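Below is one structure, written out as structure tokens; comments come after it.
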Amino acid sequence: MTAALTMRGVRYRYPDTTDYVLDGIDIVVQPGEWLGVVGATNAGKSTFCYAAMGLATEFFHGRLIGEIEVLGTEVRRQTVIERSTRVGMLFQNPFTQVSGARERVDDEVAFGPENHGLEPALVKARVAEALQQVGLSELRDRHPLDLSGGQLQRLALASLLAMHPELLLLDEPTSQLDPGGTKELFEALSRLHAAGVTIVMVEQKLEAVAELCDRVVALAQGRILADGTPARVFNDAAVQQQVGAPIYVRLAESVGLPSPWPTTFETAVRAFNA
Amino acid sequence: MPRGLSIYAEGNSALHRAHPFTKGTLTLVAIAIGFIAPSLAWVIAVAVILLGLLTLADVIRRFVPVALGILLPITLLLLIVQGFANPANRTVFFPLGPLSLYREGLAVALLAAARIFCLISATFLLSFTTRPADLAEAMMQRGLSPRFGYVVQSALQIIPQSLESAARIRDAQRARGLETEGSLLLRARAYLPLLLPLVLSSLVATQERAMALEVRGFGLSVHRYRRVVLPDTGVQRALRWFLVALVPLAIGARFAGWR
Amino acid sequence: MGLLNAFKLRFSTLGIVLIPVCIAIDWVGHAIATSLKLPLFLDSIGTILGGILAGPWVGGIAGFITNLISSGTVDPVAAPYSVISLLLGFAAGIGGYLGWHKHPPGWVALWLLCFLVASLGSTPFNVALYAGQSTIPYSDALLAALLKAHVPMWIAAYADEASADLLDKAVTVLVAVLIYQGLPRRFRSLFRLYEPRDDEPETTPALSRS
């Protein structure tokens, strides 16, 4: 089975800079995995996603050393636009992801599939399905600019889902959302995960990462500090120091529970009850 | 939600239902003939036809105040300047001593004003009866790259958005003590503080917007299906050819000396 | 690299997205000038900026469409002058290609080029539409005085238009250049169409195993 994403010896720097933002990344993401990417600011998390999407090379024109294979194709052998048929990327800012050329939410979601040349009946079906997956069906005839930030982020996700991506890259998707919007977004992602979509998610909300992701990779200064299950990664001392950990870890540690400390709510409850 | 920029007036007249290219051809031909026609009589004839079409489209009540607002100041200026200073002036029409207005200049002014009236009415005829999205769609169906259709559709949204942001910035800057009234120098000093914040933020946002578009396949070269059905008939096609043929006819008539 | 190289069609997504933003800047620039009751049009700032930043086609198309949209909404008489806005964008693109926006002497050159394009280009349209007038009262007063002094009509019409454009284009170019200088360097480099970019991989990618 082809890996969803492979990086071998990857180093990357932006043009006109000397520091490599990615400084030796080796990772293989299997299809269907939900990978959480965590790290301090400027650890290279966003760049990781840009590199996987092909934006780092094609859009920013930085220097890439090593190989990146996305769904079996080397990243420089395909344009970002061509890759968009199988890979989707969600950015942080909900407002700049609106196309700006459509006046209705459902037309906005149709933008991607139409660009891909799908026929109208199929586009209509995909749009309805995508709006349902993110919970925006009742707003389908509103003007996109009438939506709140959280709704816009879900709209952006729906716009990607309508293209049926196999791999979804998310760059801090909930950073501008309120708790309700965050919850709805994560629920939509969980459904996708259950359906077999590979998800690579950069996130600061470590509790959510520990709860939802199959696997976590922690970055610091462009290198991988730790790579494994959430329980393993968040119990790594270097990670705890340079990146942080879900709050349950510190809580358990401070009441004197033995390590390894719990990283999710349920495991914490069990540990406290034991 | 920012009010859209389009002045499209909802309606169901024959003109509303006509294909955008038919109306577009009509507009261009009417303007061309208005300017080719050699004498005021012909130009007025074209104007009357256009007024008739505007009435048919039931937009005449919307048209009149807007058109007068544009036309009256220009006509006044034309009458004054041409009446006073046109090189062909010989016959005094309105004696005012050294500031007298002459018949020849006034005639030139009237002809110019009539032609501009044709320009205005032909253009508004198109704008009042055609949704910009439909016009863009018609062009894309005939081969305009969808990326350029995007440019126009996006401009139509971003302009009112930006005007609204500019108004908000003006209020915010005024609250911070920026003077926007008073001497010319004072007002001029307010220009950059009002313009710069908006411009810088919208420019820097283009980077993210471009990435977000690419990730949605923008510009992928594949066959695209029609989004909107724009009915076109043989009659309309024939009409377009007919209208276009009028232009060389008009040119010929003018060269043949028709007045 | 000849000047023609500046005109090579290179429409990246970034350039395409920039065009509507430049169109909006044209509009807002003019709206603010109007609301401050300044005696200038200032309706080409976006066009010039687009030309400097991303080349003649981006600037030219932005200017062209600004006029078209204006004529389709508020000012029908703007339509014929869209060609002038197109040429103005081209002029700014040429100036940008030659690096004029980078230092003050270049700013003057850019101003003069834009001024000439605007004034020379608009005059024929003024003659066709307004019997030579520019429809700016003060400038038309100049026209009237010149005509009365038996100055040939085309020259008088040019003087009329030029008197309106001289200051307007100076301020337009100045504002456009100031905006350009105010943009982050990393952003400006995204549009660097003419200089070689730093994207050579140090190792060649291995053949795909798909």
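Observations on the model:
Chains here go by letter, A, B and C, matching the order in which they are written, and residues are numbered from 1 within each.
The criterion applied here is as follows: a residue touches a chain if its C-beta (ideal position, glycine included) is under 8 Å from a C-beta of that chain, and two chains touch if they have at least 3 such contacts.
Not measured: the values here are computed from a predicted model.
Chain contacts here are complete: no pair of chains fails to touch. Interface comparison, B-C against A-C: more C-beta pairs in contact at B-C. Of all chains shown, the one whose average CA position lies nearest the global CA mean is C.
The mean-CA centres of subunit A and subunit B are about 46 angstrom from one another, to the nearest whole unit. Each chain gets one centre point, the mean of its Cα atoms, and the points for subunit B and subunit C are 20 Å apart.
Between subunit A and subunit C the centroid-to-centroid distance comes to 41 Å (mean Cα coordinates, whole Å).
Multi-chain contact residues of subunit A (touching two or more other chains) are listed as 59, 81, 100. Residues of subunit B in contact with two or more other chains: 150, 154, 158, 161, 205, 209-210, 213-214, 218-219.
Within subunit C, contacts with two or more other chains are made by residues 13-14, 20, 190.
Looking at the complex, you find that subunit B touches subunit C at residues 5-7, 35, 70, 74, 77-78, 81-82, 84-87, 108-109, 112, 115-116, 119-120, 123-124, 126-127, 132, 147-148, 150-152, 154-156, 158-159, 161-163, 166, 170, 180, 184, 187-188, 190-192, 194-196, 198-200, 202-207, 209-210, 213-214, 218-219.
For subunit A in complex with subunit B, the residues that touch the partner chain are 53, 55, 59, 80-82, 84-85, 88-89, 91, 93, 95-97, 99-103, 111-112, 114-120, 123, 143, 145-146, 156, 159-160, 163.
Against subunit A, in their complex, subunit B makes its touches with residues 1-2, 4, 133, 146, 149-150, 153-154, 157-158, 161, 205, 208-220, 222-227. Taken in their complex, subunit C has these residues touching subunit B: 11-14, 16-21, 23-25, 27-29, 31-33, 35-39, 42, 45, 61, 65, 69, 71-73, 75-77, 79, 128-131, 133, 135, 137, 140-141, 143-145, 147-148, 150, 153, 175, 178-179, 182-184, 187, 190.
Here subunit A touches subunit C in the complex through residues 2, 14-16, 57, 59-67, 69, 72-74, 76-77, 81, 100, going by the rule given at the top.
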